[in-house]
Every structure is written in structure tokens, then in C-alpha cells.
Amino acid sequence: MSGNTFGKLFTVTTFGESHGPALGAIVDGCPPGLPLCEEDLQHDLDRRRPGSSRHTTQRQEADRVRILSGVFEGVTTGTAIGLVIENTDQRSKDYSKIKDRFRPAHADYTYHHKYGIRDYRGGGRSSARETAMRVAAGAIAKRYLATCGIRVRGYMSQLGPIAIEFRDWDAVEANPFFCPDPDRVPELEAYMDQLRRDQDSVGARISVVAEGVPPGLGEPVFDRLDAELAHGLMSINAVKGVEIGDGFASVAQRGSEHRDEMTPEGFLSNHAGGVLGGISSGQAIIAHLALKPTSSITTPGRSIDVEGQPVEVVTKGRHDPCVGIRATPIAEAMMALTLMDHLLRHRGQNQDVSVTTPRLP
Amino acid sequence: MSGNTFGKLFTVTTFGESHGPALGAIVDGCPPGLPLCEEDLQHDLDRRRPGSSRHTTQRQEADRVRILSGVFEGVTTGTAIGLVIENTDQRSKDYSKIKDRFRPAHADYTYHHKYGIRDYRGGGRSSARETAMRVAAGAIAKRYLATCGIRVRGYMSQLGPIAIEFRDWDAVEANPFFCPDPDRVPELEAYMDQLRRDQDSVGARISVVAEGVPPGLGEPVFDRLDAELAHGLMSINAVKGVEIGDGFASVAQRGSEHRDEMTPEGFLSNHAGGVLGGISSGQAIIAHLALKPTSSITTPGRSIDVEGQPVEVVTKGRHDPCVGIRATPIAEAMMALTLMDHLLRHRGQNQDVSVTTPRLP
Amino acid sequence: MSGNTFGKLFTVTTFGESHGPALGAIVDGCPPGLPLCEEDLQHDLDRRRPGSSRHTTQRQEADRVRILSGVFEGVTTGTAIGLVIENTDQRSKDYSKIKDRFRPAHADYTYHHKYGIRDYRGGGRSSARETAMRVAAGAIAKRYLATCGIRVRGYMSQLGPIAIEFRDWDAVEANPFFCPDPDRVPELEAYMDQLRRDQDSVGARISVVAEGVPPGLGEPVFDRLDAELAHGLMSINAVKGVEIGDGFASVAQRGSEHRDEMTPEGFLSNHAGGVLGGISSGQAIIAHLALKPTSSITTPGRSIDVEGQPVEVVTKGRHDPCVGIRATPIAEAMMALTLMDHLLRHRGQNQDVSVTTPRLP
Amino acid sequence: MSGNTFGKLFTVTTFGESHGPALGAIVDGCPPGLPLCEEDLQHDLDRRRPGSSRHTTQRQEADRVRILSGVFEGVTTGTAIGLVIENTDQRSKDYSKIKDRFRPAHADYTYHHKYGIRDYRGGGRSSARETAMRVAAGAIAKRYLATCGIRVRGYMSQLGPIAIEFRDWDAVEANPFFCPDPDRVPELEAYMDQLRRDQDSVGARISVVAEGVPPGLGEPVFDRLDAELAHGLMSINAVKGVEIGDGFASVAQRGSEHRDEMTPEGFLSNHAGGVLGGISSGQAIIAHLALKPTSSITTPGRSIDVEGQPVEVVTKGRHDPCVGIRATPIAEAMMALTLMDHLLRHRGQNQDVSVTTPRLP
């Protein structure tokens, strides 16, 4: 299929430009009988929503999602679920300036050469606004996974140079950074305020964890759970790196250190991040992603226009000085969508399998 | 599709277990008219082949590939290309010991719980032996890409704690480590010899570069070029992390530093690794992957058996103390397969596009 | 993928229930640069629209389609095209009666057993109303194909017992039956009027023709052009049979009669219907489909309720006494979508092919 | 995906040319734990095998299939199953004559224009020899379906002008025509002998029936069970038409006649052929297919060569005067593969569904 669909048995197909009339998605393959209403999707949409703190873009979008099909009398019917969000706060004039020039490190140049034409308003399809539909679709997956005892949560593990140790989940929802350590929040706010004064942007590292995942999810050899997870996470705007478990730290580790030993009481460690041979082990699935600093900054930059002439670009508009701040719900969504698809695929092929071997706690 | 197929328009489907009679693949969607013979695939197969130095497994496999279809009178016909490699050196007795026990950090435990049954000989389908077919299929993609001026090459950028700076491509092929700096080879050999004495294993970092890629490859939004590349690279055995361009270093970078500025003479840097908005920019595509240390070591480890009872596992057999050493050709193959698929997909949708805008050198 | 997507490179994914808030579709893979506006889709939607004559359901639907993405300044951008049609005339009360009973020969029984739940209002997802989005998507394909000199048209070749010879294309658009022979229209009207008095329904045979298709479209071996065409046409509600070219008449033919001989001036006949070995020959692609009589009739029928108890079912509501009458634009759409997908797929794999052999006129 | 794969969760990908070294297939997604050996596949292969009677091609092929992976200790492991059949009786010289000319009604002309190159030996990929792998893969599906109480069988329902009523299944296996009425066999033999004397060929009609299929298989809206069945059956060489249930006879039927009424004792008829709304109803799935007469006859025919010059073609070689005679096992295979894929897909999405409503016997 073309590029706007994710998943194979539980699929999500999205459409929508930053400044078009609306964003939308079709969620196909959702099991029947799941209680679902628009409010269920709104919670995560609000967590991702712009303008919720002074540290994110000031674009005001209500991001109210409508369910257009697939739900009857409050329950999913098993048929395709249509979702739509109308765009309300589009200031296209903001973008007229960059109509004929390529913003450095943006998709302007590549879309232009791929399609020979581009919707320059706010980046059109390449805008992070597209991720709103991922979050809406991911919320459906999350709800279903919850009925199977699977919980997907994420947090910010690094903001620019500031690394953050995980402390507790409650803290994550109590601040606009999804920071798991309440004591570090003031430091993050001070850093962001200075960054704004510097008219610059910065990157971030997000961590996502899925608990309660049964062993067995993931398909050898190309559709490994970690491979599809990497696919989903890397497809998020601005993501430049993905790690499973120890990730790049594994390079300098020795086998005797990295291997997660097992005892009847369970695994003694989780360097693998819950995936062995591309299949879930029953441990927590742990992934980390790196987001680059947004390129939409007001510090002038060198570029060219569509004629190939040199120009200086200053991105005014309304932008996130750190796209990573709003990325946590998006990363959760992609992990939830990946697990959902693999849960259904595993069931389809292996329904009869009943492994009597004791499973590790 | 199920899990053994990679790609959408140029697809590769593989089969084969470590100790089964043979490995095979079907390469579908290869354009007609490409000169191709078995020798063309053999070069990369030999680069990946075990037993080629004392630093890799001593299993002896000729890895002679046969082309069974899709090639007529020395040229591809456009129909499915069938490939097969017979397994010759299978010492199944080596593995009888671990028939009923799960080797730590191996896929034994997860395959057992997914399927309720597993081919325990050498890990069966989860063995890195499977990657031989990726390399064979990748060689076909490489040859076609070469006719389009695209070249894919890789090298080892870190062995355990030893980081290696790139020096030149010729050096890469002149040593068993794919080390790009001839002066560092003795150091690597000494490290590996000590590692063997320690009866341990270690991880590695591989870098892959594609040059000559035109701008425009990659499909928004889920099938971004970097997302599919991450999928392909993460699907390689033992890979725990993937980076595009600066990867995780982007986290601490500022936008003014990370953004690759453009002038009529070209890009001034390549922090992005040749991908913007998920689409190739015309710069070199750069990816890095982290491979974990193999878990097959002779140092005893704690585990359980299929009854859930505690056991001690010592992996004898013949194994790579560093699976990363042979991973370079595999990583090249996955990048070539990804680029090939996207080249055909881009053409299909955008054949009429002729962008007159000057493209950056 | 799940079941609501058609095509591989040019894909259409639809959603929507007969009495839900709206119908929608995402058309992915449309080449950039195609002039497109909502009016372009409306023409075919109006041809399919209910209530346009006394011989079809009296349900009144404006079927106004909105384009929500993928088109910028009147031209397609190459990104996903979102389409939506709001439902306006829903009289759900009509259906309350059959909430707990299965209408004979309807999908009520099968949806109930597949999903354990169903939207009983007008058949929900199983309603022919779903085909409106196929027609809208098909209109996009038709427009693109037209730029390649390909034209897709259909007509009614049989209504119940009345077989109709093709006479001319202009006649087809001049009557509500898509009848190609103006002299037969009064006969069809008289038949339909009597049918209504009999409170019964009847089947129909539709023929679809694509002219200007270049040789080479279709992928061996499973994705043959005729196989995918059969897939698309058989997926239309009420279709029970598909023929390519002579179809079932081929059974009694001899090879000397059926084979289409070739001369430098062209083919001497077209028994094959424009497809040889699953690949287009350059001749007109000809397909025929059989539509069963709708089961929604006011003549009482025996059935059971959800408790398995016997009931008598009389379908009131507003229904088409012959669903075939409105099927012509739908059949055209499915052929256009199939050709569009294969045109892009063929290009992707065979762009470089330039066959110098003279092609038959 | 490219064109050589069938199915989505249970997939079959094939390769191989008529006169290449071998044919092969990869069956992916087969559930683990199914007892399977090569003999299990051989039975159907022998039913399809050429040279088994004087009424089929005299090419001698043992068609011995080897299982190269996915089966361990006599049981499927859930991993990809690799299959291969070596070609043994290839008389390529037979074909040198038609190297530069297009046989009428063959794929020669279309392959030439699609790929610009073709393997002319026996039609290469377009040869019906390719169907051997469908039969081998179908046999795996049949075995699994049997464990679910599903049985797929076919028979010849018409040979040229001779229509055959079904009488009993035992008769089908007792003659080379798969004729269900033993009393008609002499008539068929006489007809075929005369046909050979006439140096001509003829078409046939095959019927396939699946019994024991539970209600619920099939995915709305494009992946309807009947639509995918039509896809699979139409993809068989020489097939020009597909019917489900009453098929084209439905055109002249009235709703009061066609609709299959239900009582607590079951359905009162099966005009629908076991599919309602694209989903299985629990009744027998019934499909019919029309095969055209083979074009490989020794009666001279007009054609052109690759230069576009007029030529006379006489197909010597060894051919089936009626390809329909060997088509029954192939049609069974395609129905089995379609049902298998939909069984797994249905399970994946609907595992939790437990419909308490009494299901019709």
C-alpha cells in the first residue's frame, strides 16, 4: 500500500494538512464489542494539544474529534472507524513568506523534489499537526489493550542537555513536560525560558514503556516486534533515533553483562527491553527515541528559493521550541498501535497454541 | 502479509532454519533487463560468510547460492527470482543439550511461548544464518541501484569500547572487521583475542552510507524512508538501536546547530543523514546501528528449562564472539532493499514529475 | 491489511454506515499535479445517486462530497486525499422492526455471527450506500486515466429476462437504466412498473469497457489484471458473477474459435476481453457482472430472530427493486480503480522498459 | 506487495518458469503444530500432474515436492514453509520455433510489451506449470482446514458442450476428468478423442464446494470472502469467468425466488452459494469457473513476429487439449488458500466474539 497506512491487521490510515479544512483517519480491524466514545479519544488529544503551556506553540486548536462510523450504541461494531478533526486556527498568511523558499532542515525541499508541488502552508502534510490523528487512533488501541491488561505510558527522559531519571508515573501527568521527576521541572522551565530568549530550539529524548504484554507478540523475521516498533517511532516527525532496551549502550557491553538471566522467579534484568528474537518476552517493552530540535526558529538561516537562488530564511509563525515536549503521547500512540496490530496477528496464526510451560512472572 | 516479507513493490520473502536442509528467498518486483548471474550474489555472500577469519564462528558453509527463476539468458525477466542455498555443515548434536532449556537472551523462550514448539537446532529460524538470504537479495538490489548511480556501503564504527573514525573505503574491504582505518586493525585483533580468552562476547556499532540517492524517495507519513530503514535495520538479529544522521546526538543539539543550511553550492552539513520529512534530500543517506553482544558464550548462565525448573546453561557450539563483525554486509543489504523498494514506489506514483528547479549538488 | 482497503500503490480505504453520520474515504497514492475539484467527483456521484427516478429507492441523499486534503490550489499534491459525504436522509425508525430478526438473503445473519453485534439500521456497513465512496474515489482514478487516454464506461446489458444489445454510448446517459439502446427503454420501464406491482425485485447484468489501455498492465501470477478486476467487481454489493471477455461462453468454444488471431493491422477479434496471461493486450478491457435481485421486498419471507425463533419478515423501508440499475457507475469505478493501481505498479517496476516492437493498433 | 503473493495473514508466494530449473513457494503464516510431511502434498500434486492420462499433455514430470523449512520433527513450527519442485522433463528445443513470434491468445505478446523481454520456453512464467506450487500450498491449507472440519472438493461440471450433473464425490476421483457421474465418462473420452483428431482444443467449467465453513469468514467491504475467492480463481491460467452460487442465473431471477429463506431447521435453499454480504453463512461455499480452450493447437493460426511482420503459427510441443481437465485440484487449492487466510484473519480480529445465538445447521 501507499505510505499513509500503518499496521497490517489493525490498520490506521490518515490524511490531512496543517492548514487544510480537516485531519482524519480510518481505523480498520478494531475488534467488535469495545465500549468507545469521543471522550475516550479526547484525553490523549488534549495531552498532545498545542497551546496548553507557554513552552509549546501558541496555535489554538480545540482538536475535537468526531467518530463518524464503526461505533453503534456506544460500542465498536468491528467495521472501519472513521475519525475527523476540523482545523480551526489556521493563519495561512503566516506562511506566505516561505511560499517560494525552502526552510532549512524542513521537508520543503524534499516535498518539492518528490512531487513538484507542495502545500507550503505550515508544511502541509509534513507538519507535526498530522500526529493528532495518530494520537486519536492510538487511544483506541490503548483502550483495547487495557482490556487485555496491557498499559502503555511514556515520559521525557532528556531535554536538551538535561538528562532526567525516572521517578514516578504520577509526576509525568502533573507537568507540561511529561517529566517523571517533579523536582526537575523548575530546571526544565528555566531552560526553556532561556531558549526562547535565545530564539533557538532544542532536541529531546522520550521513553515509552508497555507493561503487561504477554510473551509471543512479534513475527519473524522482518516483522519483528522491535522492528515494527522502530518503524512506527521513527515515522514520528523529527525522530532521528530509536533504541530498544539498552540500545546503543549494548555496543560496549559484554555478553555476560547484557544477557538477561532467568530464574523460576523471573528475569533478573531487562537489558533486552522486553524483546528477544523480535518477539515479546513478557517483560516490559522499553523503547527510547531521539527528537531533533525543530528547525523553525527565528534566528536567520541560509537557504535557497525555488529558483535555486540564495535567500535568508527566518521562520516566524507559531512553533514549538522543543517538539519533544508534546511527543510523549505520540510515542505512546505508535507503541500502542504496534502492539495492537501484533496482538491481532499473533492471535490469528496462533489461536490454538496453549503453552503449558510456566511463564515467567 | 505475514512476517517473512520485506518491501511493498520490490519484495523479498525468505525461509530457512539454521539446521534445516536449505535457506531460500523470493525476490519479487525486480525490473526486467538487469544482467544477473549467481556470481553477482556470491561476492556479498562471501563477505558475510562464517569461518572466514578466526574472529568469527568456525562453522564452515560454502553459501553457494542458486538462482532458480526470474533470470533468462543472463538477464532478469521481471518475474519472481527464486534463490536457494543448501545448508552443508550442520552439527545438530551440538544442540541436543539445549533442547529442553532456554538459553538466556536467546529467542528460545519467546519462540516457545509464541508457537508452543520450536526447532532448537541452532536457534532454527531465529538464527543469524537467516541473514544469508537478505544478503543475496540485497546484492540484486545493489546491482540495480548501481545502474541508477546509487552506491551502498558500510563499515564498523565501534567494536565494544573501541570507537573507530572513518578513514577510507578501501581499508574496509582489507580486513575481517570491515574497519575503515587500517591502523586500528591490530588493536581490534588484540581485543578479540582477549575476549575469546575471557570466554565472553561484545557488541558493535555499524554505519551504513548510501551515496547518489536522488531527492524524493520515501512516502509520507508512515512509510518515511527513514522509518522503513529503521524497520529493516532493526529487523537484523541482535540489533538494539538505529540512528539516522546525528541520531541521539540531536537530543542535546540546538536548532541553529542541527539544521543543515543550503546554498546554491549545496548543503553546508548533513546532520539529518540525508532524510528530511522522511524523504531523501539528495545528500548521502547515513544510518548507524547498535548490535548487542551475542548471548552464546561459554561462561555459565542461570536459566530455566521447559518445565520452569532452574538450570545452568553453557553454550558450546560454534558462535561469533561479536556478531557485529559479520553484520556490515547485512546492514548494507537492508539499506539497499529499502532504497530499491522506495525507488520503484516513487516512480510508480511520480513518473510524470519533472522538477525543473535546480537540485543541490 | 484489513478489509476496507482496495489497491496496493493507488489505494482507497473507505468507512461509513448507511445511517451513520457520514461516509468517507482516503485515496492514497494519487500522482501529483492532477487538476481536481469537488465538482469532478459529483458527476459520477449524481449518476449513482438514489431517488433520481421512480425506478430506484426514494431515499433522498444530496451526496455532496467534500475534499478535505491532498488538493491544493486546485491540483493534487501527491498526498492522501480525504473525502467525506454527510448522510442527511436517515429514517432509522424504518428499521427498528428488523432489529432482532434476520432479513433473508441479507448480511444481517452473517454480520451477527461474525461480530456478535451489528448496526441494524439499513444494514449498516453492509448497505449499498457504502458504494458512494467507491464512486467518488473512482472518479479521481477516471480523471487521471483520462490524461493517459484511458476511458472507462459501462452500461446495462440485461435487466431480469430482458437482454440488451449494445447500440451506442450516448444513449446510455440518456435514460435512468444506463441502457445503450434507446428503443428498449419503454420495455424496461414497463417491466419495472409491473415488478413494483408484484412487490418483487429482479437481477441485472452490467457490462464495463475500458478503452485506450496500453499493453502491459497486470502482475503475474496472483495479481493478474483480470483477477484483481474480478476481485473489485465481485466486492460490489449483490454481485454474484464476473466474466472477462467471452467469460462462460468460452466453455463451449474451441481453441480455433476462441483464440484472437493477430495481423499487422491488429487483433481480428476480442474473445479474451483485452487480457492475455493476466496482462492487458492493448485491446478494450471488457468485463460483465451479474447482480442478484435485492432481497428487500415487501413480499413476506420466512426467517428467524436472534433467539433462533421462526419469524415472518416483510421489508418496508425504501429500497431499489433492482440494485443493478444504479450499479453501472459503481462497476466503472471499480474498473477504474483497478486500472489505476496497475498503471502505477507497472510504471514502478518497468519505467525503463521501452519496447521497440510495433504495438498492435 | 508485488504480484506473486496471495493472501494477507496466510500467504503464499511462488516462483518458477515452465522450463527453468525449478518451481518453488513460500507458505507463510501456517499455524504451528500441524502434522505435515511431503507425502501430504504429493496426493494433490499427483491429481494435477501431467501425463496421467492420454487426455492431457504427455510431458512427464514426477512433480516431487521437497519441504525445505517450517517443519520440524513432522510438525509445522509456525515459521515460513519453503517448498521446491525440480523441473525434470524440459524439451526447450520444442519452443525455439516460437522464440520470435507471438502465439495467438497466449501471453507472449503481453509479456513482451510489459517486460520488453520474455522467457519463451513453454511460456516461461505464464505457463500453467506454475500452478503446481498453488496445489502444493493449497494442500497445506486443506490439511489445516480439515482439522477445523472444513472440506474443499471440486469436480468438472461441463466439458465443452457437455454439461454434467453432480452425482457423487467418489466418482470424481475415479476418472481422469474429475467427472462426478461415472456414466458420462465414456462420452467425455469419445469427445476428447475426436477433439484430438480435429487438432483442436475446448473449454470447461469447474465447480468447487467447501463444506463445514463456519459463519463469519470474510472482511467487509473490499476483502469479501467471495471477492477474494473470485480473485484467487480468476488468477488461474485460462479462467475467464467466476460465479458464486447461482452466479449469472441470478440476473433473471426474482427476489422472491433467489432469497434463501431461513427456519430454525436451517436454510431452505442455497442460491447465494454460502456467502451473504461477503461473509460466510455456514452453508456450503459454492463457486464455478469457466476455463477457455487452450490456444496451443496444431491448427495453423495467423499472428505477427517481434518485428510486427505477419507469420503463421503452429504450436507443436506437448499441450493439454483441454486445460480444464487438470484444473479441478488447482481450483480446490485456490479456494482452500482463500478460506485459510480468512479463517486466520477472522480469528485475529474476533477471537473474543462468542455469539450465543443458535447457528443454523
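A few remarks follow.
First chain written, first letter: the chains are A, B, C and D, and each begins at residue 1.
One rule holds in what follows: a residue touches a chain if its C-beta (ideal position, glycine included) is under 8 Å from a C-beta of that chain, and two chains touch if they have at least 3 such contacts.
Worth saying up front: this structure is predicted, and the values here are computed from it rather than measured.
Centroid analysis (C-alpha atoms only) places B farthest from chain C.
Repeated interface: B-C and one of B-D, A-C or A-D share more than half of their contact pairs by residue number, and that pair is A-D.
Between chain B and chain D, the centres computed from C-alpha atoms are 38 Å apart. Spacing of chain C relative to chain D, judged by their CA centroids, is 26 angstrom. Contact of a single residue of chain A with at least two other chains is seen at positions 1-5, 8-10, 14, 29, 32-33, 78-79, 114-116, 125, 220, 345-346, 349-350, 353.
Taken together, the chain C residues at the contact with chain B in this complex read 8-10, 29-33, 78-79, 220, 344-353.
By the touch criterion given at the top, residues 1-5, 8-11, 13-17, 20-24, 26, 28-29, 32-33, 66, 68-70, 72, 75, 77-82, 84, 114-119, 124-125 of chain B touch chain D in their complex. On chain D, the positions that touch chain C within their shared complex are 1-6, 8, 14, 102, 104-107, 109-116, 123, 125-126, 130, 158, 160-161, 195, 198, 200-205, 214-224, 226-235, 237, 240-248, 250-264, 268, 271-273, 275-282, 290-297, 299, 301-304, 306-310, 324, 345-346, 349-350, 353-355, 357-360.
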